[in-house]
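In the part that follows, the structures are each spelled out as structure tokens.
You will see chain A twice below: alongside chain B first, and alongside chain C after that.
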Partner chain A sequence: MATGLATKRLMKELAEIKTKGTPPGIVLLNAVALDQWVFLISVLGDETIYAGETFALRLKFPNRYPIDSPEVTFLADAEYIPPLHPHVYSNGHICASILGAEWSPVLNAVAVCITMQSMLASNKKKERPEGNDRYVRSAPSNPKLTRWQYDDDTV
Partner chain B sequence: MKVTVLSFNAVAAWKWNASTEPHQLYAYASRGPDGQIEEYDDDDEEVCGICQSAFESTCPECKVPGDDCPLIWGECSHIFHMHCLLKWLETESSKQQCPMDRRSWGECSSQQME
Partner chain C sequence: MDLNHPMLLASDDPPPFPPNQTQLRRLDRALYCQICKEPFQGPVSIACGHSFCSQCIRSSLESLKKCPVCNETAGEGSIRRNRALEEIVDSWEDARAVMINLSQPQASSSRKRPPPQPTTSSASNDKVKRLRRDEAGSSRSQSPAKRSSGADEDEAIDISSSGGVEDEDEPVLTENDEGECPICSARLAIAAIPLHIERGCPPPKKQVNGSGSGNQKADWKKVFGGVSTAKNKDKEPMKRITKPNYHLATPAELKAILSAHSLPITGDKPALEARVQEWILLYNSNLDTSHPKSLPALRARLNEIEASRKRDKEKGKDALGEQLTTKEGVAKYVKERGGEFERLRKEVLARDSQALARAKGQAGKPIEIE
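Right, the complex of A and B next:
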């Protein structure tokens, strides 16, 4: 389990969520362990193609968090289905630059949730990424081990 | 009446100059056309953005605040615990960029800060 920096940082983030709450449409479902949290994310408003849908976003924090980025996936299980989005694979893996090359240690769990929420909010077409089936067949369980290419800034 | 002081204990407190320098720079930069300096809320500037601990306390790996766990000032005006920032800059993914603005990190020398 995480030491020093990661533990203190995660405790502070949890305390802040408890006192200040989370932004609208984002709920901390559980933190089964200090290093593994699940948030429920929904997109609010009438404009969205995800009206009425709720997704579960799991964050696993590495020992060197926040220097190293968290491992972030949408849950794909009996209860939750990852959102149909051109950057979200059916196994829940997400292609988003801030989860990889553009990660910064001043980001935190809630900031990741907000980014995912706005990625959904700006989307107009419900579809899986190109090559979804091929990717899902061979994907590592940890999406951070995938070599992502960020080639689309529009959604 | 005459008082003779036999002894005294001096007490001092210290604080990193973490908010005043960027504060002055900010105030200078944001000076309106009439030369008025706008009020600036620096509530969020008292903690290191990486560990979220106060500048006056240590980074999470240290026990004693002060010179052994100093702050580091960037040319971009962002401030961190030195130990926190170095951990970040040691990683390949940092690309030697400031975590706040992703500009190339350069340490601000003391002359530049005066």
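Right, the complex of A and C next:
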């Protein structure tokens, strides 16, 4: 898809967030550029093991968005820690099929946030993925360059 | 980027229907492509029955051979132009402003009509009709289908005759009636104005009768392999381009495709490949619409896309991020994007004034003659 269309689509999504807002537990923190946004995500309710925690999810949109999926990571910096989750590496990379093989151009930024939120909501065990340290040591900075294997997960 | 940037305040969407008009909102939404979230442009359907803009689904199928909505396996071969859907989108685009106006009680157009004349007092007829129907039995369904199939002959006659009266009351504009474009003041068929504005006000097409220069003639000769008849003169060759096998294609073969379409043949193989791919996408999807762009316009679009890609590549995205946090940065970005923002802004403005112009036209003066 042409760059102009990606720009148009992103502006449309931003405008919609501005007028209609975001679902509960999801807040647009900033958009440092039209193609790079950060959302704050928290899981609401008492059932969750993440009660009281807030995570920052960064979306970078490629030129061919929405044909190509956005690059999505949890921020790992002085301020934010990626959630302890069997599909989230300590560098913020996420193993979720919707961000790779299952991406569809009919999805949008808010849909990605909702999926991440429900991935956290359904989790019962706070742990890092197997081989976290090994992966993080050699991981490319862009998680889309990693060859992901989606095993048990339904997200 | 500043979230209060004026670009974001001016919504790109045409004005929505009020929340209580759920049926109209649903109809409106149904005519949006799920990929670009815009009204269908050159709509096509694929094997599963889902529809998208031709260009949207063609790009998508290049990445993934599945329907983006239902995940069913899909290929480019299953793409079929959906003419009925295009007609619906076009006419809905025309009717939309009218419907919005009608859906707002205070802006009812009937109020602006002159008082009904005794012979054609459709308003009082309406009242009588409604009263009679109420008397006829409140338990009966009021849906038009049921009514017309009902046994009450009086009612059926009543309805059809009042329909005739209303037709006389409102002069019907034909598609051929001319109006002035509110943006560029060009005169063209009223029905064509919204699309003309949507496309950024291209000058209205004139019938050209054999006024081609010698040069053009030579060009056309080339295109048609020496056969140049008067009939062919203002027709573009309208055959879909078959995709080459990019793995096997040599740079020379790619260049042959490009030069056959009067496109630049500069660059290495990846650059040629990208250009061919983008061109085929633009060209083939342009064949799926009743409002095709001219070949020069398509070439200009290709050039724009390439230039924009190149800029993004040369400049780190992070640097761009920094840049957009300051006001001067935004201004610079806008300037460097070769007017992309400006173009979008104009589109937004055009849409707004288009809606306004329609609303005004509806209020009675220049378009609707009463």
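FYI, the second predicted complex is superposed on the first by the 151 of 155 C-alpha atoms of A that agree within 3 Å, B and C clash if a C-alpha of one lies under 4 Å from a C-alpha of the other, contacts with A are read in each partner's own complex, and residues count from 1 in each chain.
Everything that follows uses one rule, which is that a contact is a pair of C-beta atoms (placed from the backbone, for glycine too) under 8 Å apart; a residue touches a chain by one contact, two chains touch by 3 or more.
These numbers come from a predicted model, not from an experiment.
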Room on chain A for both chain B and chain C (clash or fit): clash
First (chain B), second (chain C), both or neither touched by A:Q36: second
Which superposed partner A:I49 touches (first chain B, second chain C, both, neither): neither
Touching partner for A:I67 - first (chain B), second (chain C), both, neither: both
Partner chain(s) touched by A:I81 [first = chain B, second = chain C, both, neither]: neither
First (chain B), second (chain C), both or neither touched by A:V27: neither
Superposition-derived comparison: chain B or chain C, residues of chain A touched: C
Contacts of A:R9 with chain B and chain C, given as first, second, both or neither: both
Candidates 59-67, 329-337 or 347-355 of chain C: the single one with C-alpha clashes against chain B: 59-67
Touching both chain B and chain C, residues of chain A: 4-5, 7-9, 12, 64, 66-68, 103-106, 108
Complex contacts: residues of chain C adjacent to chain A: 1, 3, 7-9, 11-13, 34-38, 55-56, 59-60, 62-64, 66, 68-69, 71, 278, 301, 304-305, 308-309, 312, 317, 320-325, 340, 343-344
Chain A to chain B touching residues, read off their complex: 4-5, 7-9, 12-13, 64, 66-69, 101-106, 108
Contacting residues of chain B [partner chain A, same complex]: 49-53, 59-61, 84, 87-88, 91, 93, 99-100, 102
Complex contacts: residues of chain A adjacent to chain C: 1-5, 7-9, 11-12, 14-15, 18-19, 28, 30-36, 60, 63-64, 66-68, 103-106, 108
